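Chain lettering (A, B, C and D) follows the sequence in which the chains are written, and residue indices restart at 1 in each chain.
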Amino acid sequence: MTLHKARLIGEGRPLLYATAGLVVLLSVVPMLRLLVEAVWPSGGLSLQPLREVLSDSATWRATRHSLEVGIAGTLLATVIGSAAALLFTLSDIRAKGPLVFAFVLPLMIPPQIAALSWLQVFGPSSVLLKILGLAPPLGSPNPLYSRAGIVLLLGTHFAPLVFLSLRAGLRALPRDLVEAARASGARAPATVVRIVLPVMMPPLVAGVALTFVSCIGNFGIPALLGIPANYQVLTTLIFQRLATFGPDVLSQVAILSVLIGVIAGSGIAVQGWMLTRKDYRLSGGGGDGLPFALGRWRGWIEAAAWGYGLAVLVIPLLAMLCTALVVGYGVPLTVETATLDNFRFILFDHDASARAFRNSMSLSAAAALILVPLCVVLAYFLVLKRDPLARALNVAAEMPYALPGVVLAVAAILIFIQPLPLTGGTIYNTVWIILFAYVARFLTLELRPIIAGCHQLDPALEEAARMCGAGILRRLWSIVLPLLAPAATAGALLVFMQALNELTVSALLWSSGAETLGVVVYNLESGGFTTKATAVAVLAVAATVAVMLALTLLAGRLPRGTLPWQK
Amino acid sequence: QSGTLTLYTSQPNEDAAETVEAFNAQYPDVEVEVFRSGTTKVMGKLMSEISGGNPQPDVLLIADVVNMEKLKAGGHLMAYQGADLSGFDSKTYDADKTYFGTKLITTGLIYNTAAQHTPETWEDLTEPWAKGKVIMPSPLYSGAAVNTMGILTRADGLGWDYYEALAENDVAAVRGNGTTLKQVASGQKAYGMVVDFLAFNAKAQGSPVDFMVPERGLTWVSEPVAILESAENKEAARAFVDFLLSKQGQGLASSQGYIPAKSGVEMPDWLPEDRELTLMEKDAGAILETMEQDLKRFEELFGAS
Amino acid sequence: MAEVKLEGVTKDFDGTRAVDDANLKVADGELVALLGASGCGKTTLLRLIAGFERVNAGRIAIGGQQVAGPDTHTSVEDRNVGIVFQSYALWPHMSVAENVGFPLKVARVPRSEARQRIERALDTVGLAGAGERQPGTLSGGQRQRVALARCLVMEPDVVLLDEPLANLDVHLRASMQETFHDFHRRSGQTMVYITHDQAEAMALADRVAVMDGGRLLQVARPDVLYHRPATPTVAGFIGASTVVPVFVRGGEMQETRQVDLLGVAVTVRAEPAAPHDGAAQVMLRPGDLVIHDAPSDDRLAVRVVRRIYAGGHLLLRLVHDSSGAAFTVPVAEDSQFGAGATAWLEILGGWLIPRDDPS
Amino acid sequence: MAEVKLEGVTKDFDGTRAVDDANLKVADGELVALLGASGCGKTTLLRLIAGFERVNAGRIAIGGQQVAGPDTHTSVEDRNVGIVFQSYALWPHMSVAENVGFPLKVARVPRSEARQRIERALDTVGLAGAGERQPGTLSGGQRQRVALARCLVMEPDVVLLDEPLANLDVHLRASMQETFHDFHRRSGQTMVYITHDQAEAMALADRVAVMDGGRLLQVARPDVLYHRPATPTVAGFIGASTVVPVFVRGGEMQETRQVDLLGVAVTVRAEPAAPHDGAAQVMLRPGDLVIHDAPSDDRLAVRVVRRIYAGGHLLLRLVHDSSGAAFTVPVAEDSQFGAGATAWLEILGGWLIPRDDPS
């Protein structure tokens, strides 16, 4: 018996400290480095930039706008995402697997492409509307260029975050809790509202918090739709500051970033507060519940679900395909104009693309795989051990995701531009700095669902393993991780998809040989090769689908319910 | 010449690659490391590196002088007195020889070939038939657009009245040239202001767009190159600048579809036969000086909400 | 209030038959206890009545209305059945009072009335004042009582209880049995009550249904089950008993038979229709056995294998070595039979079990 | 194998005291049953011994090693205690065999040996062949047996069982009791066994600890608990009994006292140190009571409130109206006392309860 040791270090302390150290490095250090930049630019204390930014009315207008679209977009995403999660998990809707696919994949469609394709479908040049004779005249103002348009795009683009998180939670819902409600006379709507959703608070709130942070930190959508309407949010304001590049630009950017961080952090604080008030531990396992029968509504609801899938996945995807299959942007796709040249070029003639596929695939997969154990350990200490250190890190973990990617990249540069202490080596100008930034940035995407999963764990399951003599690593690996598998996969999938698609971080961090897909798309695009750029994007979606299908082949070896699209 | 030369540039990828290739044909022992991105991102990266105390590039090749001026003011640029500037208009380079224009990238009019009208002048964009159908990059987010705004608002007969008229005519100001091109090519908008090479690339690929040189002339930037004070391989850096300013270098720019800055070099083939190439007057110093007020003014004009 | 009627109800779970051709009629106001070994299908049968599972064959009617059949399936909400789950099924996000009050909220019972009824229900299960606590902080038995209160409060037509007292101590168990008894008498509700405790089943139920391997073996009044079990399994389930193989040697009376029981001649009770010869099985109750410390012709030599203290008296576990038959006989606390000793059993009577178990 | 020693162990949960100054020594190889009402702190005490909770005060030693104290806390993994959880705590992502085999995997037992031990354990609990099933498809009792097997297989120094038989039917319960008994004898392991079933506690345990409101009221051999309970609560917990207030009127012998019991004079057993006068309480067992259908001076008039069928005999619930005292008396199945009738109780003896319950 190791009494002495037990007294000195407690249960799993070294593991916690190691994890905490990593998280500090990933989340706290970049934020601190930015703070230093904000008030200590070029080696001396200066409050001038701070005063300037805080007294600028543009700052507060952008903050208000950020909050407006952030909250409204989150609400929309929550409604869509949770409705879909409930329908696809608890109802007898048909073709659940394909529906889940159709619901998750839009995360892979760059929102600007979705927006453009909608603009096309509902705009002056719409083939469909032209046939119907409903096409608005060329040049008429488009309603998507507005606050409402931004909210719509944010809501639909980030709905999968809520969806995946909630679906992972719903799969652990003990059958008898629903049955007890129904036996109490509650019908499906009352059962869902009064029992299912409240019990599912942890994953739901996790999804909502993630969405909120994503909406606040998103740049692409407000840049596309807000700039023409001169509707400025914090992220576009930061970009503007960088573009027009006044004196102390980095300080100003740092201060604005901190502002975003504060908003995101308060979202997480609200989340923490909501979850500590009540008890959400579920005992007993999930079970194949008797799904709610939709009855005569089933046809209509299925039509609505597929209609939504059509709008957010098929139309943008077709638009991408149409663009990638013609020689020049704007050329209508006909038998004569169709060509595979773009794909041929990307696949065979463009070394950078091949490298980028390799890099992005391995970077995304590596980030997802690194984050799973990291987050499981952190969530374990946070939720099951109620460790104060882990709690403190919980909020910090959010920051790198809330910051605009450019800003995180700036922070990464500031940290790693000087040779590493002790070793004297450097990861600057290598893929490793991108990996660092990815792991830091997407930490929260993995952490939120896993924390939610932890909230629903029956503590006795872990205690039983302790009784068996299993040490902490053993328990985490054999018991906690498999039980959290659905949440972990949901998170890993989010990380993988977001990282594969990501541009803003790697745009500043890549170097020759370390291109990412985003960089290649951007470079092609800005050289005027939109059709080729789109071909890359199409191939990225195809690769994601391939990865998901490959996972399906592994499904037999994974704990039940691990893959969101599995039955 | 040997060693590694680090180049940060906002040139399109293909062009940058060709430039490096041609440079290497002359200096095979210099290994050129290229970081390419949009001007904003290149500058963001560079400023972060400077702030972190370890700037990486030896040579910087970006679209506009405004950023060069700021770097110069910060003391980050090295003067290269020995540069061969014969044939270069003095407007294209810094009098202190810290940066040198390498080519002229112009902004003119673009239109969708399916549109009813063909804009011939800058003023056409304020015509009633163009109302709501015009798009342009916003100077708030694009350096090239700042430049265009600076030139047009200083031109006789245009001035701020012109921008007011544009705002009246519901012109959309978007993030950059890429968006502008796409919107016109896809028919969302009919007319726009855009940089030349994007329009010609698109046209060459078959997009239903065409480029128009307005009667008054084009606005332009000179894509300056500069050597950083902190450059580690100044030798190679000088060689690189020499190459860009040389006849071959300028010829390469021309063959890539840019207007060379050095006189006596062949013009690119896209230049219309029937129209004289005119570049509008430009005072970079003045533009830089009033930039902040101008941006505010622009924001107010186009500030819908 | 309603009668519950099952006809030929069958339920399969991917291949295994959980309930097999069950026929049962629970009269209006009757309390039927379902008794059976673990895994015999009791919970499944209850879930079929409640409507959580669909029947594979057969019909179920509640109050004369068919609720389940080849092509009918009324959903749970519309059956007005109350259920107490074996696993409690308390909602973790609600306080105790909210859990109990949920059926009332669904039924839109006015607040003040709801509050009263919740308090009454909590009082009934001995949890008055615990309304504000969270289920997660309750002990196992406390949780079960909350589940009970939640069912009581909704006053349904049919109440289904899945081992509602399994986690309670004797004390509370006895008083909850009283509660049930009173509650059942007063409300006159039809109840189906699962238990694995035969004493509880006999004490509470009007009739007891004994289940085994998905089948209902016998449904009868407690005393009938006790004295005249239909199969060896039923005999084994109800009260302490030993079932031994015998050979019937005839019998003069309609209701008795002479049998050869492990070499000893015994007169046992039997059904009139029972055969007058051939192999059969006889059930012996502790009351049929007398233990002696000396042999005799009509006594069976057995070995004492264990003395079990049972409070105020001892139980002796006895084994008849050649046949392996085991007996449990109560003796006084100061009995001198020690483990390993030999004793002699006198057999006063028994019951000739009429049928074999269905295989 | 190890002795377990608790000294002054106390545990609070935000304000409420779950375990209060518990002192208990379980000798090496002893089986102690923890008996008590729902919510009295049994599970908490077990979790303290296992190491899942930290003590607020007091010490716990296992095998002479202090494992919990003011500033020691050995973690669970290092205590080598086996636990069977009240809620089973099976891992849903593992098959039955994997659940059972987990402790062996942790201990790096070679595969082939592990397979054998798993099979043996499953066989012991009557689940041979169920190794490949998923816990989610098992019935309640089946799950409990898997949890049991998981504990058996790891052969720990100390085995802690939290109501391991609560969900089993009598049949299986009796046979599992045998299993435990044999297993305990063979392995000689120290065991602490929570149950709310006093019959089980008395049948299995070397000593029984009765708990109430977080306190250990009495720890003693089963027959001592039955005949000489220390407090009214203990008396109520062990076997059927009635506790009535009496007035002591002296007594000649050391071990008996004369008392006035609801107006009737009775001689009861008592501790030598028991007072010779004053108010006290007496416990009456069913064996102390004889029921009559005619009055007499030394008989108590009571009302029959319920007849409970108990298999082969009836239990009569009797109430003495003026005092409210309730009695349960076994009578023959054909007894003529109907509900509502009046009967007369003769009281043969009783036990003078030495202490009151701690408040």
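Here is the rule we go by: a residue touches a chain if its C-beta (ideal position, glycine included) is under 8 Å from a C-beta of that chain, and two chains touch if they have at least 3 such contacts.
No experiment lies behind these values; they were computed from the predicted model shown.
Engineer: Centre to centre, using CA atoms, which chain is the farthest one from subunit C?
Structural biologist: B
Engineer: So what's the Cα centroid distance for subunit A and subunit C, whole Å?
Structural biologist: Comparing mean C-alpha positions, subunit C is 54 Å from subunit A.
Engineer: Would you mind pulling out the distance in Å between where the CA atoms of subunit B average out and where those of subunit C do?
Structural biologist: A distance of 89 Å separates the two centres.
Engineer: What positions in subunit C touch 2 or more of the other chains?
Structural biologist: Only 87 qualify.
Engineer: Return the residues of subunit A touching two or more other chains; collapse runs of consecutive numbers into ranges.
Structural biologist: Touching at least two other chains: 283.
Engineer: What are the residues of subunit B that contact at least two other chains?
Structural biologist: Residues of subunit B touching two or more partner chains: there are none.
Engineer: What is the complete set of touching chain pairs?
Structural biologist: A-B, A-C, A-D, C-D
Engineer: Going by the contact rule at the top, pick out the subunit D residues touching subunit A in the complex.
Structural biologist: Against subunit A, subunit D makes touches at 50-52, 65-67, 71-83, 85, 87, 89-94, 102-103, 105-107, 135-136, 147, 150-151, 154.
Engineer: For the complex, which residues does subunit D have touching subunit C?
Structural biologist: Those in contact with subunit C are residues 13, 35-39, 43, 86-87, 137-142, 145, 163, 166-173, 181, 196-199, 202-203, 222-223, 226, 236-239, 285-287, 306, 308-312, 315, 333.
Engineer: Could you please specify the touching residues of subunit A with respect to subunit C in the complex?
Structural biologist: Its residues touching subunit C are 174, 176-177, 179-187, 190, 194-195, 198-199, 201, 278-284, 290, 293.
Engineer: In the complex of these two chains, what residues of subunit A are touching subunit D?
Structural biologist: Listed in rising order, the residues are 1-3, 6-7, 11, 283, 285-287, 458, 460-461, 463-471, 474, 478-479, 482-483, 485, 559-560.
Engineer: Provide the residue numbers of subunit A that touch subunit B in the complex, in ascending order.
Structural biologist: Per the touch definition, subunit A meets subunit B at residues 37, 41-42, 116, 119-120, 123-125, 138-142, 145, 147, 223-224, 227-231, 236, 239-240, 242-247, 249-250, 326-331, 337, 352, 406, 409-410, 413-414, 417-418, 428-429, 507-508, 510-512, 519, 522-531.
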